[in-house]
Amino acid sequence: MSTQKLKEIIKQVLPDVETVICWQEGFDKLNVTPIFITSPEQVDKVVWNSACAQNLASYLPSQKKKVAVVVKGCDSRTIVQYMQEGLIDRNNVVVIGMPCKGIISKKKVQKAIANEPVEEVTFTDDSIKVKTPSGEKTIAVKDVCPSKCTSCQFPTPIVYDHLAADAIESDKPADSVYADVAELEGKTLEERWAYFAGQFDKCIRCYACRNACPMCVCQDSCIAETRDPHWITQKLSFDEKLMFHMIHSLHLAGRCVECGECERVCPMEIPVAKLKKKINKEMKALFDYTPGVNPEDKPPMYVFNVDEAKIKEHKL
Amino acid sequence: MAEKEYAYFCGCSLEGTAKEYDESIRAVMKALGVGLVEPDDWSCCGSTPAHTVSHVLAAALAARNLSLVEKMNKDVLTTPCPSCLMAFKKAQHGMTGSEEFKVEVNELLDEPYNCGVESKSSLQIIYEDIGLDAIAAKVTHMMPDLKVAPYYGCILSRPPEIANFDDPENPVSMDNVLMAAGVEVADFAFKLECCGAAFGVPKREMVNQLSYKVLEMAVDAGANCIAVACPLCQQNLDLRQGQVNSTMGSRFNIPIIYFTQLMGLAFGMSPKELGMDKVFVSADKITRRITKAEYEKIKEEEAAAKKPQKAKKEAAAEETNN
Amino acid sequence: MSEVASKELRIVGFLCNWCSYGGADTAGVGRFKQPTDLRIIRVPCSGRVDPMFVVRALITGADGVLVSGCHPRDCHYTDGNFYARRRLEMLKRLLPFLGIDGKRFHYTWVSASEGQRWQQVVTDFTKQVHTLGPMHQK
Amino acid sequence: MRVGVFICHCGSNIAGTVDVAKVAEEARKMPGVAYATAYMYTCSEPGQKEITDAIERDKLDRVVVAACSPRMHENTFRRTVMKAGLNRYFFEQANIREHVSWIGLDKELNTKKAIDEVRMAVEKVKRNKPLFSTSFKVNKRVLVLGGGVAGMQAAIDCADGGLEVIMVEKSPSIGGMMARLDKTFPTVDCSICILGPKMVDVAQHDLIKLHAYSEIAEIKGYVGNYQIKIRKKPTYVDWTKCTGCGLCMEKCPTKNAYDHFNFGAAPTRAINIPFPQAIPKKATIDPEFCRQFVKGKCGVCAKVCPTGAINYEMQEEIITEDVGAIITATGYGLMGIENFKEYGAGRYPDVITGIQYERFLNASGPTSGHIIRPSDHEEPKTIVFISCVGSRDKSLGVPYCSNFCCMYIAKQAILTKDHIPDSQSYVFYMDIRSPGKGYDEFTRRAQEEYGAKYIRGRVSRIYPKGKKMVVRGADTLLGTQVEIEADLVVLGNAVVSAEGAAQMAEKLHISYDTHGFYVESHPKLRPVETNTSGVYLAGACQGPKDIPASVGQGSAAAAKVLALFSKDMLESDPAIANVNINTCVGCLKCVKTCPFQAIVEDTLRNGKKVAKVIETVCAGCGVCTSTCPCGAIQLQHFTDNQLLAEVNAICQK
């Protein structure tokens, strides 16, 4: 594993930065949490394994001084998007890239071990061995990974200053990215409505998805909770739940970097990212734009062409 | 297997009076690598009489054939006859423009027509799909005595919103096709003039007068041949040329040849194969052919003879300017 | 007309002040008869129309939403409708994915002089929404 | 909150198809409504008094009037509520005439719709905030775009009124289309004789600054304060040295340059002064034809110029002028002859356009006033004029009448007879449109005194026959086909918008119609204003117009500018964007999308980055408001909550 190299890089960059944002072990080995390293002694706490799910780049816009951050390939798109939107100063960020072959979804692992308490976890490159009171179980990462890993196009970060392991090429076909969207598109209007109505009705409006989203820049000013403007009431009705998810999706139009944090943190297991992925698919079709890939790109909703090649006038 | 393949509707005229049009099109298309497939069991396009009686019934006659094309999984139908073409285009225009009309027409058909076929004249296919370069590449022979007035007739490019091809007032497609085939083309002002059309039966004198004007203008333009793309035009100008002469006191003897026949001659095909023997006013005297190589040699010699004069003239001009 | 009159549906229109609202006025002045389902909200520019207004209207009871602005290049604010075009096209493509028929939402361009075009847009869109019927309840 | 609702009958305009009493009754039930009534004519003086009285009597603090379109009377009623002491933004107008009573047939449904419109207005007005204008200084200089007769009239009137005028003309001389004309109808007086003095006035007026051979590069700013960038195109002649002696033109060896002034009626020299009365009377080199540019050698004009004014290295120059108002008088164009395929599309030299013929008639034209046939320079005897060539022809995209062709064709027929007494003119026409003073008499004179033969019908084809052009058309009065063997055919080709009219409109932020003509603010009551305050229209840029109408509009536009500039300070529209610095997260997406660059980044004292609106630059489009994810930037008077209130008023499950 490349944990050792990661630690070396962190030690190397630490003197130049205020803090290094990385992962550490949480209350058990399946739960990894962020660590903000400010002194060399903390470096030993650093872990790198398939449980390192958090998108640490999310912390960047709120940093006032120069920091270093460790990112997986998927997380790096967040940095690129921040650069496109001018939300970070690239000169103030040291990016430590961590090539990644896939992470695990805690929820899927827990299901695989029937929600038993976790006693010990051993990580190998492509599997994890979980020890529970009823015994040991080896699970392949690909069987419990979040859906984003199954179509991962960027196993190696797009931007980085240091790379903590050898770069990896994607072995997933490009058209697999929107396979789930395409599958839904194949259904009827009524089936899709039934699907989304069922999913969004589960929402408890905890806003965890919003809080985890790296692109939700509004922080405390989120219009889901303001009276001025009063887009949405506090009523826990389906309409208001749907409205909230539409607000989230529309605000992320052409900006969602598909890091999957919203779905990872959702306690109700709502496929929160689906609508955003659909918009991304359309952004690709309309403007040949994929969020968080090229720092020189401009998010399509903030620019225009006088003659839009792909937008045709709609007839009644 | 041909490179391109189109559904082909020859229509009734091309099975009879305009046999040579059909023969020459098939020959030329084959040479150009285009396949033509006739729909099985095609029927009358509706022609001129049908739409004067009922638009719905006329459209149904046309749509029946179009639905056959749909069944062949073809989305383009080509027909050499402008009258058939207009019948198909009008049916298409009416049925796509109005859902009501479409339903009305389809009620009359065994197999409904879903409006998935675009009809194009064979001239359009040759001009747009095959292209001038491909035509020029096939030319083996030149006809140095020939000067042609291209005559389009009234409905090949009109009305523009239905025909949707070439310029409605000054079409140039046949001019360009013939020029690509190495044929000299005259500037002909009566490209679209009425030949008299189907009035040859009820009002023969009128047709004679109208045809006379077209023939006269062609001769005035210095042409010794009129190229046509319509069986009816051909008939009025060729078959009735004698009638014109006797009623108008003229002495026209100008061959009326389908543009595809001229293309075929330029491609080196035999006059027999192109049905050149089926026209009334013979074109034998004006269609003397020499090979392209011979022609180019003559041209080179002519240019060489002119060159010293030209150079001298240019030098003189330069001097006066400075 | 009788079909429309028998049962009105709720259609919300967002019209830019300079072109489409003027076009609707022109239609009125010309007495170009239209179905009565539409309720018009005046905005300065189609660029002011946040797609969330459309969503809010559709979620809270509208059966159809129509947005109309100045023709591209003719925006009173130069670029407003260019932004609108991108945003509304995005929404137009998203709605059916969610299960809301895209035909319930239409965006178009009508200038202040196009009274007849406005009549046509309203008539056709109202007809289109009526063929879909009332918006589904959850 | 106490809202007053006033429903206008508008005579029977509204009350005829809307149950206004029912609307008032329903309005009374709406939350917050303290008073509701219906009145015969709310906009009348007693109607307005009804409103002010009610505000006082019922202590109303918000007012809704349900009447005609707010585009009609919003300002009227805003002034009314202001008179009664309310802020003028505490007013909303529900449009129940144009959008309800005039378009719906069913009274019951109309009434229902009117009630909804009132409910929306009530909900909106309850959320309206008092807004206050700020004053700003006016730059009392005016830009006149175009030096044709309309622009010149506007410039002279403004300057006579004491305003500084900047005139920008794209061609080398002012004068426009009128300078090209030989005579004017219906008086048949010499065009340049009456225009010339005006041109001199423009040139010599102390307050008019002329930029000829120049174009607008950029327009920034707003009413009262525009910054104009003017591109002075290179003439390759130093105009400060050029005396207009014309020696260069005489000696220029390139004799085949396209003559823009003569519309190509004959070729000209590559260095030329467009016409003898040109102002400024200076030479310009056409680099498209000049040998020095095309071949890289010649230099004849530089050799012969007595003042050494020729400068082949001249570059374009951008200058800046600040003005407070703009008069647009950019004129019109003519449809190209290539569109008329049935008339030969320019292939026949003896088929020419009306303006080319005008140049042949003109004593200072290419033939010194001799009518010739371009093909062989012989004098034509049979001349056919065709009117409505392109005009009133939907298939060419010109459904409108070009306004003055009937008249100039009559004039040209008269002049033809004067020039060539043994000539015969024929005029093919659709209708004779001569509704001006003395106009119809004039067309009768052409026929009765000058023997022009008028044939009512269209020409279907023109074709050559020997040296003649055969014009074949229909005579619809006789019901026959006619063929005329003409020596010369003159086409009255359609008037179209000026080249680049659309791009100019985009620079000016004004509307143009599908044909490229500029749209006035109101077709009847505001004919020279545009929807952009500070920009006015004069002449044919708004639609085909003859000389008297263009001159009238020039003066009208000047009067509007003089009225605008009669105040030293202007009031700003307070309906602009406003940033809530508490909720702004400083993502600055609004800065990216603002079409006017009216939003900038600002840093608060606590170091927080926020957006800031430059009030005078903001035009109030609201693109920022729909861009802002957290609703921190709100377009005043069209805030999210105000629009949501309207949505909620109609969408309730």
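Chains: A, B, C and D, in written order; residue numbering restarts at 1 for each.
We take it that a contact is a pair of C-beta atoms (placed from the backbone, for glycine too) under 8 Å apart; a residue touches a chain by one contact, two chains touch by 3 or more.
Values in this document were obtained by computation on a predicted structure and should not be read as measured data.
Student: Determine the set of chains touching subunit C that also touch subunit D.
Tutor: A
Student: From the centre of subunit D, which chain's CA centre is farthest?
Tutor: It is A whose centre lies farthest from that of subunit D.
Student: Any idea whether B-D or A-D has more C-beta pairs in contact?
Tutor: Looking at B-D and A-D side by side, A-D shows more C-beta contacts.
Student: State, to the nearest whole Å, the distance from the C-alpha centre of subunit B to the C-alpha centre of subunit C.
Tutor: 49
Student: Mind checking the centre-to-centre distance between subunit A and subunit D? Centres are C-alpha means, answer in whole Å.
Tutor: So the centroids are 54 Å from each other.
Student: Rounded to a whole Å, what is the gap between the Cα centroids of subunit A and subunit C?
Tutor: Each chain reduced to its C-alpha mean, subunit A and subunit C end up 36 Å apart.
Student: List, in ascending order, every residue of subunit C touching at least 2 other chains.
Tutor: Residues 50, 56, 60, 73, 79, 83, 87 of subunit C touch two or more partner chains.
Student: Can you list the subunit D residues in contact with two or more other chains?
Tutor: 593, 627, 640, 644, 653
Student: Any chance you could list the residues of subunit A touching two or more other chains?
Tutor: Residues 231, 239, 301 of subunit A touch two or more partner chains.
Student: When you draw the chains as points and link the ones that touch, which shape shows up: line, ring, star, complete, or other?
Tutor: other
Student: According to the definition of touch, which chains form touching pairs?
Tutor: A-C, A-D, B-D, C-D
Student: In the complex, go through subunit A and note every residue touching subunit D.
Tutor: Per the touch definition, subunit A meets subunit D at residues 85-87, 217-219, 221-223, 226, 228-231, 239, 251, 301-303.
Student: Considering only the defined contacts, which subunit B positions touch subunit D in the complex?
Tutor: 160, 167-170, 187, 189-190, 217, 220, 321-322
Student: Name, in rising order, each residue of subunit A that touches subunit C in their complex.
Tutor: Residues of subunit A touching subunit C: 181, 184-185, 189-197, 201, 231, 238-239, 242-243, 246-247, 249-250, 253-254, 275, 278-279, 282-283, 286, 300-301, 304-308, 311, 313-314, 316.
Student: Considering only the defined contacts, which subunit D positions touch subunit A in the complex?
Tutor: Listed in rising order, the residues are 580, 583-585, 587-589, 592-593, 627, 629-632, 634, 639-641, 644, 653.
Student: Which residues of subunit C touch subunit D once you look at their complex with the stated criterion?
Tutor: Interface residues on subunit C, with respect to subunit D: 1, 5, 8, 10, 12, 17-19, 21-22, 24-25, 27-29, 31-36, 39-45, 47-50, 53, 56-57, 60-62, 70, 73-74, 76-80, 83, 87, 111-113, 119, 137.
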